[in-house]
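Consider the two complexes below, in which chain A is the common component and chain B and chain C are the respective partners.
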Partner chain A sequence: MRVRPKLMALSSGLVALSLGLAACGGGGDDGDGGDGAGYNAAIENIVNPSDKKGGTLRMAISSDIDSTDPGNMYYAWSTNFVRLYSRMLLTYPAKPGDEGRKPAPDLAEDLGTPSDDYKTWTYKLKRGQKYEDGTEIKAADIKYAVARTFDRSVLRSGPSYFADMLDAGDYEGPYKDKNLDNFKGVTTPDDYTVVFHLKRPFPEFNELVNFSGQTAPVPQDKDKGERYGLHPVSSGPYKWEGDYTPGKGGTLVPNDQWDPSDPHRKQLPAKIEMIAGLNAEELDNQLLKGDIHVDLAGSGVQDNARKTILTDDKLKEQADNPVGGFHWYLPINSEVVPNVECRKAMIWAADRDAIWRAYGGDVGGDLATSIMPPDVDGREKGTDYYTKAEKGYKGDVNKAKEALQACGKPEGFEVTMLYRSDRPKEQAVAVALQQSMGRVGIKLNLKGYPANTYVTDQFGSPEFNKKNNVAIGTFGWLSDWPTGYGYLWALTSSDAILPAGNINISMMKDKQIDDWWDQAYETEDPAERAKLYNQIDDRFRSEAYVLPGVYAKSLMFRPDSLKNVFFHKAFGMYNYSTLGVE
Partner chain B sequence: MAAPIEVSGSDAEAQPEAVLSGVDRKKIQGRSLGQIAWMRLKRDKVALTGGVTVILLILMAIFAPVIVKLFGHPPNEFHQELIDPTLGGPLEPRGGMSKEFLLGLEPGNGRDLFSRIVYGARVSLLVGFLATLIAMVIGTTLGVVAGYFGGWVDWVIARTMDVFLAFPLVMFAIAVVGVLPDSWLGLEGNGLRMAIVIFVIGFFSWPYMGRIVRGQTISLREREFVDAARSMGARSPSILFREILPNLVAPVLVYATLLILTNILFEAALSFLGVGINPPTPAWGSMLTQAIRSYQIAPYFVIIPGVAIFVTVMAFNLFGDGLRDALDPRTGR
Partner chain C sequence: MIAFFIRRLVGGVVMLLVISAVTFLIFFGLPRAAGQSTDQLAARFAGKSPTAETITAIKERFGFDDPLAVQYGNFLKSIVAGDTYDTGVEKIDCPAPCLGYSFRTNQSVTEQIVDRFPITLSLVVGAAIIWLLAGVSIGVLSALKRGSLFDRAAMIVALAGVSLPIFFTGLLSLTFVVHAWELLPPVSYHSFMDNPFKWASALILPWVTLAFLYAAMYARLTRAGMLETMGEDYIRTARAKGLPERTVITRHALRASLTPVLTIFGLDVGLLFGGAILTEQTFSLKGLGNLALEGVIGSDLPVVLGTVVTLSLAVIVMNLVVDVMYGILDPRVRLS
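Then we have the complex of A and B:
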């Protein structure tokens, strides 16, 4: 510490003063003259339509992507972003409104054709589709892409539906068995036909194929396992220039091998910069100025920017406040808190009003009852268990204390709570729960971890949770596809528990719920299936495995320089595959 | 005609202090270094202001619970009914400052900022003092050994000090906080975290003290009284303890005061980066982080923890400077 003390003291004082003065200086008025299309305009319409090419699109995230490997990503924003450099068998149309939620053919000529028993699904590949190096994409590449998702010791972060559903015996993935013919879950009768073989009937299979990047073709001879994400081979309008650098980002440049008849993507910017690790406040500042065009996380601006936008008419016209489709909720780990009455105590004591405020009050979302948000097909609102979805509800200290008595811990207990350290709203939720549960003696030790490792290595790792006594944590979930299965299976089925990237964080091994899941496979009628899903949701809550939070509304900002921007209902944020900047 | 001052017997020369001390008979006596220093300090208004402020801050930290009980609300208690649910700012103007909330409300959760500042002083001062104590012990020991014995001992210690001074303290602190277990040596949770912070800061600021002590020791060991002691047969340990160390008290005290302020700033920096004391315990540095996140919603909030840090650090600085001037008027000025 070589700086002289007087200088340090003086400079700290100056810093404090100048920050104060800057704050008094007031909000940004850096509007470029043009009026925004109007508040909430991008929810149903495409704002600033344009087909002009050129310019550099700058997209930033405050932490980092969970993985750039299309087979290894799970965050909704990642599966949105991957479309820039990957095409899949099926994908979401690039359209606002409900049209954007239906699966559509991408590399496949059409949606998959099921067998009568819904256990075999056949897809026909378009011909002449090429990778960035000119090689043609064949059925074997799709088979390989699906096969590699079976090895969770290599690819730890992505969805696990294929490994759970396909009839592949005890196949362990291509890293342990290089001969792809031994993978029976997917067969390729010829170079342009892909057939999936399921263990159980599953009428929603097209939705499953559609939602992730896991059917993006991967050439077996170019696969590098965990390191493939450093330069995934592109089948989309852009390709990585050099490697992606974890923690810093990378650059995407146009891929001339991409087929422009692709209806779901555009190739407008001359360059796309993806910037990782940018501080959330700084990101918002640059976003409001238009130096950055997109906040990749898609969960809305932070507190300062929210105030600036809502109190400035010009800025407000460039903002949207859609219902995002996410539910920010908090799973309770039943391995660390095995007694249901202790879990009930935690839910009773929780200050729901503070959680609602932490996400931004009216602009942040609505208090939740069921875990499935309102836009899931056939979802019912459900009953409040051990809490109230009412504004101003601060928890019930007396009921919490009664529950503590019932679970044999009248003085309370001490556990750990996790949150994502790069998300200030989640930190505020954590502090609020620490305070409200502390009223009845439940002591929460707060620990923050960055978003890109949170689900893979910390909260989504049963071993980590056990070792660190993690009982509860902030979390959020968007439907993998808009049915109860797509929302709840990964959260509640005992078959869904994984050693890394686990979404059944509550560690539910509930026989009744597992039975209902088995029943769902046998049920053909969607309305009957919806009934089962509602029952599962109800038991998820009645057995105190979860603290409901808020159905998210995000306040999102789109600079005027951003073209073709619209809110995509399936991703719960702006669509990233058709943006331009000219 | 004014009566002349009566000077008793043998004290022939009139001392200026005697003239000024009034009509009372006073035996003129030689003043010790401490007394002379104290008189000089008393005349230095700036240093006195600093010293008084330091004492007030210490009292504030010690009596925090009483002060908060009388003038504020518990520091971790939420008051969200006074906060706008959508924008997050206090509903009342001027940041919610009132008789109930002397410094207003924290945005978002509505906690009493006055209480949090008062309790925050505990963390800053406790860490500042204890870390400095560690630095003093290590620094004085190694500095004296290096300065007195010279040769390769000096060389090794001096180079070690260079390495430590070049070390990026903050990065090391972040790394240490990340890997340390949840309980260690019987401490856990916030107690352990506090201990780690104190230890890290103390352990890395000892060279600051070490260098000063080494320099002072080198100049002292050449002085006549050391030669005199040696010629009378005194051995090194005795020389160290009876001749050198007593003469180090003054500079060590001065630089300890200045080191405290450096360490308070270190603690604030660590809290600011999120590796200091855990929430919900108030600490000025982490309050500053929160303030920056909400400067649009509550602009006054940024100033409050910053001013607290500034005032504390300046107080120690001015007092320390004054102390140094009082003890050795040849330096400074």
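Then we have the complex of A and C:
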């Protein structure tokens, strides 16, 4: 006797159910809002201007944020993103072009006023600015925000400029010394005046105050050290709804205590979803469809999406390919490879053409000469040392072997190379370098780590690098501010070396370079300082501490539904503080 | 039946204690036996380049200088009674069951597991229902139509399902079903309580993709079991007594064939709770598997330890459920 095909009916029902769920399921914007404004339209102009409120802005990243604590972040995209929920003493104007690169008052009434010797800088706070709970922001909150950056055992990720520059004696931070009066690096003569006291003159101090989130006010009674980043108190147009969840993301909602006269931000979307850990290719797919509005990393789409965009006229109209201000370079650790000839051998052997192609060829960027990219004020192109910034240049095997002879390792040597595992381009660069250096016997063992721990725990940890024999790795840097100091100090000064979040990955303790830095502090004339910076850049390369890479161009995509889009030169990506979706 | 259940429950608790002790020894005892100092052990728990103060804080917090038995006792105590962690800035209460504190993400491990559990639960339950229904149905039909075109086609598809890795089928399905043909929305997690339709529609693709892999195995297993059972004497007797064929198949043959299927089902579901790493990575779902992977990559040992204990618990619970189901399905088991 045959069994009636009830099971077949059940299967059919499952299929029907699937299709029904598809019909009911939500989807994002379909990106059919209209024609794109044109290829590269957002580089110098604001595309899709709008002041319409509403909608949900969806921002995603393939890894995770280094920290949502404004005092504990360093990635350019983080300091761009933090403006949504934090105001600082100074900030970059939300403007395309060179106007966006100059410091501008935010919580301060004006730029800082220096003393005659440039060792004291005074800022006046605007009155009536409030946190999300309605409490007024006072000078003591700014002082506290700066003080907490002194404790690197708690806040490991942010810049260390304040701890290096302020005249604070042996101050160890408010977690070890709860009396804020003991912090002499910043004084507050009244509730609306903040005075910074420097160890030595520094004419670029406004730029230093401006570039990071470290002057975002922090109420001392709400600070929880490293855990503060799970729910920072907002002073910006948005505030966190619930906690930020590491590895997953969080939601921002409008802050009704924000002052709408703020010229650098808008409060347009009704909600902002920040999604962390989305697979990079999937993120690009959703970006092209408009389901995601912004790729937070701001370093451009991956290879597959790049091909799709460049071969589709409609999609290309919604793309921009600016020179981002980043230099993707490869620092060489002088503690793991102490012999300069061995380091020269690595540079000689490197296939620059393969690295350039791995970053995307013409669309990915231009071959680099100096470490400072072209947009740094006063930068000179410089000399190629042990390499050539030419298309098709595949390294010089003979010169590499000569250098290996000179360093006493004619058969080569074995070291580790790191790269960020969630960035396919960096993985491709690592493979290219492994192959090119392998030709001369330099064996690179490749290891990938996620971007959100790469600088704090791996490549930016001198102890990690020494323990794991890490000689070289992929890295990128955007100038903290657009002068040679803002670009090169963290990379080359021995004072900049840190146990975690270290940017002087080459572990340079070069006396000549340190002397030039000391000279720069005393030099008032910007053109004279620029000469010093060029000398530092030259020695950085002549001593083979670094393999130049690519001045990055990012192919960025803006869905039609994204409003007020423009490329911000200071952040090297789209500006995030004024976006809308309606 | 109750005695049977109690015996199994006690056995499960003992097993969990043994697993927790072994896990604890692996993370705390083996490194010491291999010559690692307590400073080095503390550095691993920091999950990042720690300063001397952080290492001292972690050593004090975890009692690394105490005897191993005392440390294990404290670990069990924190699961049962909770604990308090000193981050150096504040004291954080970790209520029971406290599985530790992650210095990397600054959250309690239990909090992270509880946060991620619904995602893995949704993934596993949805896929399990589909693969069980589809796999068993196809297996039964294949057995009944042995040698037919349907049987051969089903087994070829089953072979493909078992052979193709999930990251391949998953990425293909995302590329075509979601992005090219736009048949389904992008994969994401929405709470069932907020919107059941959105929950289901956003997860149907990983369900089907994961189910494809397992349904294949279950179809083959069910087919084999059915073929063996259908040849038994009691099946012939049932037919001879004039029972309808549907009753013979469902009440007698299938019921007996399900025993090995249930065993595998319990293990598969239990393992998936901590091990659906590839599926979660492919579809960017932030479940327990993804948490375990992040813990491994970030050297976040408290998270790794917490997820291992959770996975073990899931496997033990599922095996307990399976044992109870045996008792229901097969009277000989509960009476033994």
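Following the convention adopted for this analysis, the second predicted complex is superposed on the first by the 550 of 582 C-alpha atoms of A that agree within 3 Å, B and C clash if a C-alpha of one lies under 4 Å from a C-alpha of the other, contacts with A are read in each partner's own complex, and residues count from 1 in each chain.
Just so it is clear, a residue touches a chain if its C-beta (ideal position, glycine included) is under 8 Å from a C-beta of that chain, and two chains touch if they have at least 3 such contacts.
Nothing here was measured: the structure is a model prediction, and the numbers come from that model.
Applying the stated contact rule after C-alpha superposition, one finds that A:G97 touches neither chain B nor chain C. In the superposed model, A:D362 lies in contact with chain B only, and not with chain C. Of the two partner chains, chain C is the only one touched by A:R156; chain B is not.
Of the two partner chains placed by superposition, A:G169 touches none, neither chain B nor chain C.
When the two structures are aligned on the shared chain, A:P49 is found in touch with neither chain B nor chain C. Within the superposed three-chain model, A:L310 lies in touch with chain B and out of touch with chain C [touch as defined at top].
Judged by the touch definition given at the top, the superposed model places A:P450 against chain C, while chain B stays out of reach.
On chain A, the surface touched by chain B in one complex and the surface touched by chain C in the other have residues 1-2, 19, 22, 24, 27, 281, 421 in common. Remark: chain B residues 76-78, 80, 83-89, 107-109, 165, 169, 182, 189, 205, 208, 258, 261-262, 265-266, 268, 274, 278-280, 288, 291-297, 299-300, 302-303, 305-307, 309-310, 313-314, 317, 320-321 touch chain A in the complex.
Contact residues on chain A toward chain C in their complex (touch as defined above): 1-4, 7, 10-11, 14, 18-19, 21-22, 24-28, 152-154, 156, 175, 223-227, 229-230, 245-248, 277-279, 281-282, 285-286, 288-289, 291, 421, 449-450, 453, 456-457, 461, 463-464, 499-500. In the complex of the two chains, the chain C residues touching chain A come out as 47-51, 53-54, 87-90, 92, 104-107, 115, 130, 133-134, 137, 140-141, 144, 171, 174-175, 178-179, 182-187, 197-198, 200-202, 204, 208, 244-246, 249, 281-284, 286, 290-291, 294, 297-299. Put simply, chain A touches chain B in their complex at residues 1-2, 5-6, 8-9, 12-13, 15-17, 19-20, 22-24, 27, 281, 302-308, 310-311, 351, 353-354, 356-358, 360-364, 421, 424, 428, 430-432, 434-436, 438, 445-446, 448, 468.
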